[in-house]
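Same chain, two partners: subunit A is paired with subunit B first, then with subunit C.
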Partner chain A sequence: MTTMINSRFPSPSRRTVLMAAGASLVAAPWVANAQGADTVRIGFPTPLTGPFAAEARDQVRSAELAVKLINDKGGVAGRKVELLVRDDKLNAGEAATRTLELIEKDKAHAIVGALSSAVQLAVNEVTRARGVIYVSISQSDTINEVKDFSRFTFHEALNPHMTTAAVAKHTFKRGSKVAYLVADYAYGHEMLRGFKRAQAALGAESVGEILHPFGAPDYSTFMPRLRAMRPDILCIANFGRDQANSIKQAVDFGMNRNARIVVPVLLHNQRLAIGPDAFAGVVGGANYYWGLEQSIPSAKAFNDAFRAAHGGAVPTDYGAYGFTGVYSLLLAMQAAGGTDTDKVVAALEELKYDVAKGAQSYRKCDHQSMQSVLVLESKKRADMKGDADLFNVLATEPASETMLRTCSELGFPA
Partner chain B sequence: MTSQSSPLPVMAAAAARPAGLVATLTAWRVPLTILALCLLPWVLPSKALAVNVLIYGLIAVGYNLLFGYTGLLSFGHAAFFGAGAYATGIAIGQFGLPWFVAVALGVVFGGALAVVIGLLSIRTRGIYFSMVTLALSQLVYYAALQASSWTGGENGLRGFTVAKISLFGVAVDFLNPVAKYYVLMIFAALALWLVSRILNSPFGAAIEAIRENETRARACGYDVERTKLLSFTLSGLICALAGTMSALHLAIVPLDTLHYHTSGMIVMMTLLGGAGSFFGPFVGALAFLLMEDVISLWTSHWQIVVGSVFILFVLFLPKGIWGTALSWRAGR
Partner chain C sequence: MDAELIAMQLFSGVALGAILIMVALGLSIIFGMLGVVNFAHGALFMVGAYAGLWVASLTGSFWWGLLIAPLAIGAFGMAIEFLLIRPLYKRSVDDPLLLTFGLGYVLVEAVRIVFGSDGIPFETPALLSGVADLGIGFFPVYRLFVVGVVAAVLVLLWLFLEKTKYGLIVRAGARDPLIMRVLGVDIGRVWLMVFGLGIGLTALGGVLAAPMRNVSPEMGALVLAEAFVVTVIGGMGSLIGAVVAGLLVGVAVSMTALFAPEMATIVMFALMALVLLVRPQGLFGRAVAGH
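And then the complex of A and B:
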């Protein structure tokens, strides 16, 4: 082919050079794919590109830390652990393909990861059909239910039901008027369902709800409608950049003067991105906040290890999922003495772990991690003692099965 | 409208040099493509990627029938892809039908949708046709989003994993990536043969006549609207088949399947490979997916690299990869 082209062109043309460069670019990675035979391989699909990229990068950092800590202590039964990070592009089809690659080509022993309801359900569908353990680290109620459950499915993240119950308990009162601004996709719907259930139990009332499209940059048209509802509480149920944009615009419209802004999950990164003034006084739930280190020794150990690895930076909420998800799995593998799936599943079911935030364990019926839920309030600029001093911990709901839906409600046989 | 003028010199050159490589490639295009497909899973980095190339290659070939050969730029082909996938998944998951019945249902359903959308859009032209197909496919997207008891809504359709299939009495482990690839390849090969046959038929000449000069084709006595509708439907059928293959492959149907991003990706793949050539769309799908797969392993900034490659191709190789290769061979 080359000779033919050269016979027509006196010297290699720009096109030839470009094409050759492109071809060599594509050809190189085959060489780089060899794996050690005896390592323990954990697949980690996560949306490194797209609107949740900031949270995903934190997950990767913390997951890598968990792997490093285990490797420093000798790995799993003498075998080194390797984390295989893949970009799922926040797309369920892409995530399913990546998970297939991780299982079929990279021979991953277990999968941890994903950061959206739809994506984790897609990964779960692939792993459960092939009998591979999957530890999900993103919020979902659906994955607890019997239809999507399998004995290989574990859910390390909080679920919307427990998050909203904890947040509502500390913000809603009898007679509170709540207006909802909800992202129109699974996450928003599940959070709204959870809040309404808690609202009914607490005797608050809903004065209206508005659904906004996922990834909307502009919320100005919703604000007059929300204000006309005259709420005491403005509940904004969305995630990632949407949270930052919507809170900022709600404050610009003065919504926080008459109503308290409540979110299901108060995101560390979004608070950092927007700054203290817009977020001041916003209340929301969290799985983790680095300030826990004052009262919980495992949080201190996790923070210190993270600081040492990342130049003094503190771990974030979603980052902590990456850590607890991978660490608990590796602890179970250590207990099982290897990667035999049945033994690791049994070990995970029995596991009592405290790796970053206090006692955790997986409930037997749905493999939901029973853990504490924090209720945080964003600090005013004047109250901050440093750049990372973002939140007050208003309350800590202790780990308890009573926060979860019952096994029979989820469809499991009693 | 580069696509409308680009294939002509290629064909003229091929006709002028009947013994040339291009002529050989054209005559043997189906067996050659199938041979290439047989080798594909052993050349690509992973089997899952090979199945994706098969699926998206087939969509692009189906799309090319309409875009490259009939000259109609549709932005709604995700609808047929998704319809095929959803129909297959629902048939297996909710009605417990055997997989081959589900595949047939998926193709029929996608084809029926193509007839409906075709009837509503085919009388518009140019940008209006693109916009009408885009709007109608978004209608399908939102219908699937709302009908969550059928489609799983935002969470996508799940719960129809096909683990074992029986093929002419032989049990095949469908979770085995190699077996899965070759079973799905049979469908792709049949579809490719069909497309090749269509292009070689008088009908194939008629759609190209419409692409080149609609008024003249009408003056020659062709029923332009019916021909366009038939081409649209055939194109939709091929995409629906790819959809059913995707459902069997991933065992999920994400809602994103119906999103206009998917339609855009189909157009992109077709342009990258070369619209109006038989192999081109497949080459485009291969190049697109391979770049995405491989570069995103290296860096989370893969979009910069992929975007730059697209810009370079549009600037320097407007006929696409295969189209350019053909015109080099044909002696410019």
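And then the complex of A and C:
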């Protein structure tokens, strides 16, 4: 780097560069201290590298947008908000270390983030031990349960229970024969458990389950057995590139001729990555789809702000988690008049917010965000009106406690 | 569990094995002839897929991508050998290993910068899409095509190495480069060509895999591991070893997928460990003593 500067510019400018660099080094601790008094700092660990990088990037973009919108309106009690993004590398240990640093070194007032069921539990371990608020924006059922819960823990994302209940309600019928292809880790296991519970209630039956290794690139060897199960519904419960690869290969094997492919969460980025043909007709749940703007004013406002910030691009499902998670926390901080943890916790528990997808609020016992669940169907190429026109909204299950496990079921005292 | 299902599962295994052979071939050839352990192998597989995608989108035809990308990436491989690896031949065997390891990272990051970290769709060519009825079950036409291409490549490679004068030089050069030099053969040129060939095969594997998998910057990571497993089981540097081991691993993975699907990835590593215990040089490897 220095040699490049050296060759292009005369030496005075190089000296200036060095002086500036030196000055900023000396000034850095002072700047940090000054910030300590003024800004509201939100730590944001997310897997910027690894197989969920695309989703993580969208989370960051939308979280930054939430911070910008709040800052434009004067911040929190006159203080500017700052988002401290850290790469957790989709690794629980890495996430715990980054979170600890955010709390101890960067003096973060609260943590929002994570994009894997296992990683968020590691973040939650750290935050609850330190008494710092954590708003999780990745799906998990266990984080609602009394074992992992703390009063500092909030879960903004959907949980597998509500996602699978909504998807099953609109796809499973009495007598449906369902075959499951499931990623062999927490996310897949929780989704499978949710689907089987819904299946029992709806009178559908399971004709077989196959657990596949996480991150498998080839699914061909599972296809003969899945076909032999003769399902009406092939339910594929995995995430990220696993979803893209397994759906594509299932369609290559003609599995969608006799069976409908159903997934717990139909991922915006994976549909983009694989193209419309393999995904056509696949049904799955979602927390958000930009097409909601036709009926929901807050979705329109979110999309417009995002389009303005990102050259006309629309926000994605996981992006919206970054937005609603950070925005709701900042609204609660505004209501609490600052960053005092007890006051912010109380404000979050009382908060009624509608920032992107209609009415949301945190349930008192487990701090699960009660919100609508969308059931989406991937469009055929011929039906798409533009590159971003990916899905039909088949149904919107409204926010309701009936979609959640009861507080006593989760282990909370009545 | 009926016979048809088991037959189908066996066939899936063989087809998967064909893909594994394609992936391992380049790695094995380069090690066998040059003694270089190419850790950039997975990254070059990925670069091959992107190059195929790029050419296909420019020309509007998968076939041009399949033809041009391996040639172009093969030439790129020759440039890597000439500019980066050649200066390291007289040094420790670790040096080319470290170099290619770093090169792998550089390539992945470069692709991220140029094409983004999202995957890119690569549609199966219309001519080869659809499913074929094999009598015992259904199988994607495209995968049958891949098996055919791999078989053709193997036959051509065998003819080249065993039946041509140039193939003879290559084989002799792998045994004893010094004698070849004494005989007046420009061994540097042979190595340049072999490296290019190995990388071209890897890139061909990438283009062939693209319509079956998500094309993403990380798609080469597991491929590198698979290629190593196959070459280690078959014997580092043995062509026939790579073929036998590829099929063996494919069938082992497929049969495991039938009976214990969650073990389907780990089984290839278990197989490798077993082979290393019983026959450390691999099934078809030459014993390394004094090499």
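Criterion: the second predicted complex is superposed on the first by the 378 of 414 C-alpha atoms of A that agree within 3 Å, B and C clash if a C-alpha of one lies under 4 Å from a C-alpha of the other, contacts with A are read in each partner's own complex, and residues count from 1 in each chain.
The rule is short, and it goes like this: a residue touches a chain if its C-beta (ideal position, glycine included) is under 8 Å from a C-beta of that chain, and two chains touch if they have at least 3 such contacts.
Not measured: the values here are computed from a predicted model.
Quick check on the superposed pair: does A:R227 touch subunit B, subunit C, both, or neither? Answer first, second, both or neither.
second
Taking the superposition on A as described, I'd like to know which of subunit B and subunit C A:D354 touches: first, second, both or neither.
neither
Using the touch definition from the top, say if A:E64 reaches subunit B (first), subunit C (second), both or neither.
A:E64 sits against neither subunit B nor subunit C.
Once chain A of both complexes is superposed, is A:F253 in touch with subunit B (first), subunit C (second), both, or neither?
second
In the overlay, answer first, second, both or neither for which of subunit B and subunit C A:E293 touches.
After superposing on A, A:E293 lies clear of both subunit B and subunit C.
When the two structures are overlaid on chain A, which partner does A:I274 contact: first (subunit B), second (subunit C), both, or neither?
In the superposition, A:I274 touches subunit C alone.
Pick one for A:H212: touches subunit B only (first), subunit C only (second), both, or neither.
second
With both complexes overlaid on chain A, does A:D389 touch subunit B (first), subunit C (second), both or neither?
neither
Could you say whether A:A53 touches subunit B, subunit C, both of them, or neither, answering first, second, both or neither?
It touches subunit B and subunit C both.
Mind sorting out which residues of subunit A both subunit B and subunit C touch, each in its own complex?
53, 57
State the interface residues of subunit B toward subunit A in the complex, per the touch definition above.
Counting only subunit B, the residues touching subunit A are 45-49, 52, 153-156, 158-159, 161, 163, 175, 177, 246, 250-252, 254-257, 287, 290-291, 294-298, 300, 302-303, 309, 312, 316-317, 328, 332.
Report the residues of subunit C in contact with subunit A in the complex, numbered from low to high.
2, 5, 8-9, 12-13, 15-16, 19, 117-121, 123-124, 130-131, 137-140, 142-143, 212-214, 216, 218-219, 222-223, 253-254, 257-258, 261-266
Can you list the subunit A residues touching subunit B in their complex?
So the residues of subunit A in touch with subunit B come to 4-5, 8, 14-15, 18, 22, 25-26, 29-30, 33, 48-49, 53, 57, 86-87, 89, 91-93, 96-97, 100-101, 104-105, 117-118, 121-122, 125-126, 129-130, 142, 147-148, 185-186, 189.
Show which residues of subunit A lie in contact with subunit C when the two form their complex.
Per the stated touch rule, the residues are 50-51, 53-54, 57, 184, 210-213, 215-218, 220-225, 227-228, 241, 244-245, 248-249, 252-254, 269-270, 272-275, 277.
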